[in-house]
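Below, subunit A partners subunit B and then partners subunit C, in two separate complexes.
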Partner chain A sequence: MTSEQFKQHTSRRFNEELEHLRTEVLRMGGLVENHLDRAIEAITAGDSEMGLLVAGEDYKINELEVSIDEECSRVLATRAPAAGDLRLIVAVIKVITDLERIGDEAQRIGYLASRLASQDHPHDHYSELKALGEHVQTMVHDTLDAFSRLDADDALQIVEEDKLVDEGYDQITRQCISMMMEDPRTIRRFMDISWAARALERIGDHAKNISEYVIYLVHGRDIRHLEISEVKREVGS
Partner chain B sequence: MTSEQFKQHTSRRFNEELEHLRTEVLRMGGLVENHLDRAIEAITAGDSEMGLLVAGEDYKINELEVSIDEECSRVLATRAPAAGDLRLIVAVIKVITDLERIGDEAQRIGYLASRLASQDHPHDHYSELKALGEHVQTMVHDTLDAFSRLDADDALQIVEEDKLVDEGYDQITRQCISMMMEDPRTIRRFMDISWAARALERIGDHAKNISEYVIYLVHGRDIRHLEISEVKREVGS
Partner chain C sequence: MAVAEQAHKVTNTDKASAVPPPAPRKPDSPVMSAVPESAAPELAPDPGKYETIGDVTATDPVLTVRDCNVYYGDNHALQHVNLDVGRNQVVALIGPSGCGKSTFIRCLNRMNDTIDTARVTGELKLHGEDINSRETDVVLLRARVGMVFQKPNPFPKTIYENVAYGPRLHGLASNRAELDEIVHGSLQRAGLWDEVKDRLDDAGTGLSGGQQQRLCIARTIAVNPEVILMDEPCSALDPIATAKIEDLIDELAQNYAIAIVTHSMQQAARVSQRTAYFHLGKLIEVDQTDKVFTNPSHKLTEDYVTGRFG
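Now for the complex of A and B:
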């Protein structure tokens, strides 16, 4: 093998490793989406068994996080990547932390679903919670999609959308407090519902964080903690 | 300069950079501790002004996170570190994420303090919340101390301690629910108190995460998501 061939070979292998890292993140994301879907289904359908099942499977997400982290460290150590490649790896290290925490929140919702299923089930099947859940599911799905396509514009839209999730959460909390005051016998139930809404709101935060890393990955600019108007100026959107 | 001198010079500079990174993490940790102290003081003393002040200063913590992150990327790109040096940088990237989120929770407690201060103030000055707060403060302080001394044994003890924080949080939540049921006029207040307890419980989780990174840093083993008995076997404690 000539030195040129060797270099090409090395760089092809390196590209494959980076590609594999991205694929693994998307696989972890798919699993997290699946857990979130089932957790929301469990709570809105009052399915205790499904709630416990999804909570009990959180270890699968944790295992993926640890293995991707190890792969990142290995690639950093053996390839000494620079510029965009380095940004990808740093972004992956960050993204999987947020994905793992979305998994934790889905687990929490699973346990709450199981506890709520043993209590009175309202006729409206927790319609507000369901709407908030669907909103958050879309955010998580879209942020993973933006990551896979390296689409900073879509990512920016998701960052903006988090405000709506926060508003939805505030509304549910206010409703819960009204219901509790109206009928104190429902306090336990509405506390659990407000915890579930809080978990969804947190998932929205994590989806937002991931979108911010996508923007960092594409533009090389760290836009966390900036106002949206500043972000648009920074990345020229 | 001979090549040997150049190498020594480079490696001395590199060591200084790593040392500077560690110092910056501890500086960020000190700021986070300060915010947490003031947030807890604000809520237990019913000091609305202090609550808003500490919430409004969260941007200082965020700025430090972004600048340390940038420094990590710069060192990774220019030094291509290996083994222990690489582990330090990966650990720093992870640790500052948790520190930033402790800052977010302190901010949340600050806002709750301000809202609670406008309501009835109980004679016991939220003694249980204060006790939980002190426990969590100690955990955060000790985990930063373990990071600065690279003490994996102390870090492991902090990981174990998180259980007690969870128990303290469960107890406060149960008390809040009892109080709400007894007197529905207190629902709003006790909802806020349970949110504050939840924020403290989350801070305990983040302190635990940081301790796990310290163990990773010292032993090169990722112990997240393992049972304590497994961890002790892994790191031979």
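Now for the complex of A and C:
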């Protein structure tokens, strides 16, 4: 499956509609990436203003989700797409839901960043948060890349990578707990850090979901809720 | 004349060229009956051979077709088609105009007999009985394999007579009461009874298009067919009449095997369990309908169902 095949319909208008949908998803993805980058920057640099700014701009992502959704319903109603085209529409509807959720998590991180900025700012812990943040940033970036290139192999790798994010999250949680036990006055701060890590972990899950939709789009196989070994057998890689 | 059995419809020149007959063969050899008369015995490979993607067989098949070829004069219109139609199953035949789908279903009740230049070869069986055999009673065959056409074509008779004609011809009713019963039952199953019960003596041609089509379906099922062939049964109907016919197809599938040719892909997706895609006389792909419309295996099928046809 290549992106060329969305441009070969007898109806030129249909080509344009599908092409437009794909660009809109990538535009929304770009916006989500941008919010995520700034939210992580805000929390690690202790930039309260930037945190609030990112949180306040989440509506832009929400608006895109609504408009892409509408466009999908319209294409479904007027074109009754089949096969690869149908899978594209179904995948888009699902991808944008997860993108919107990533936006919500970025918003949450933005608020946490502004709250944490007013408190003590020990560097060592935020570096772990930063590492986790960079990992999910890469995942989000790569999954959007896989979506645009219809690359199921890359998508499968991202699905596997989510495990590492979960481990990173566990590690931060454990550290937070021991810090809170050591000094109960830090509980509030470490609760927030733990929430931020939790948000990043959720973003990893959403990136994984998007990759699963990419595999569905390319191979027509629904691999959700399968073990990774089963998945590899399903898609024959 | 042995050769003529292989092709149920031969022109005079074909007959002339068929003499002298080839080497003697066992009369019931199934392999021989599948070989076109012009071809050498089964040794010669046919360059037109190809593989159909998907499972052409059906569990509990009513119709089995193997290596079916149709020629209109020199035109090889249908090439090496294998396909089963199973009981209680709707098979949709789709493909662009001229791809052979109508030609195919017309083989199944020998409608191609009506075309002088048409020649059909291959093994076509209805419950194991050879459809193409010269011994086959075509009138009886067409009662067992009924057909509904694109344009509703009721007889210029009353509604009652339209339905009663077939059963009377085949002697299915021994008295008027039984005939009434058949007419009532058929119209009921065709979903038309309530609309026409008070005017059975009106002309069938006076009904609306959708009603006429259901009358034709009632006429078809009145003679207890095993298979119903439908050649674009809804293309002359409005969406409401179409929806009624589609519902009817669902119900009929509980008792009959149905093969339907349609240009509406949504219709094929809605009414059928299996879908067969034809392209330039070849059967490209047969599979479960939901598979064909969400994830077809062959590029040509995908191009067709997604409207990507150059």
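Side notes on the structure shown:
Simple rule for what comes next: the second predicted complex is superposed on the first by the 225 of 237 C-alpha atoms of A that agree within 3 Å, B and C clash if a C-alpha of one lies under 4 Å from a C-alpha of the other, contacts with A are read in each partner's own complex, and residues count from 1 in each chain.
The working rule: a contact is a pair of C-beta atoms (placed from the backbone, for glycine too) under 8 Å apart; a residue touches a chain by one contact, two chains touch by 3 or more.
Just so it is clear, the model here is predicted, and its values are computed rather than measured.
Among subunit B and subunit C, the chain that touches a larger number of residues in subunit A is B.
In the overlay built on the shared chain, the residue A:180 is in contact with subunit B alone; subunit C does not reach it. Within the superposed three-chain model, A:225 lies in touch with subunit B and out of touch with subunit C [touch as defined at top]. Using the contact criterion defined above for the overlaid structures, shared-chain residue A:83 touches subunit B and also reaches subunit C.
By the document's definition of touching, of the two partners only subunit C reaches A:8; subunit B does not. Contacts of subunit A with subunit B, set against its contacts with subunit C after fitting on chain A, overlap at residues 80, 82-83, 86-87.
By the touch criterion stated above, subunit C contacts subunit A in their complex at residues 265-266, 269, 293-296, 301-303, 305-310. Per the touch definition, subunit A reaches subunit C in the complex via residues 5, 8-11, 14, 79-87, 219-220. Per the touch definition, subunit B reaches subunit A in the complex via residues 59, 62-63, 65-66, 69-70, 72-73, 76-77, 80, 82-83, 86-87, 90, 93-94, 97, 173, 177, 180-181, 184, 187-188, 191, 194, 198, 222, 224-225.
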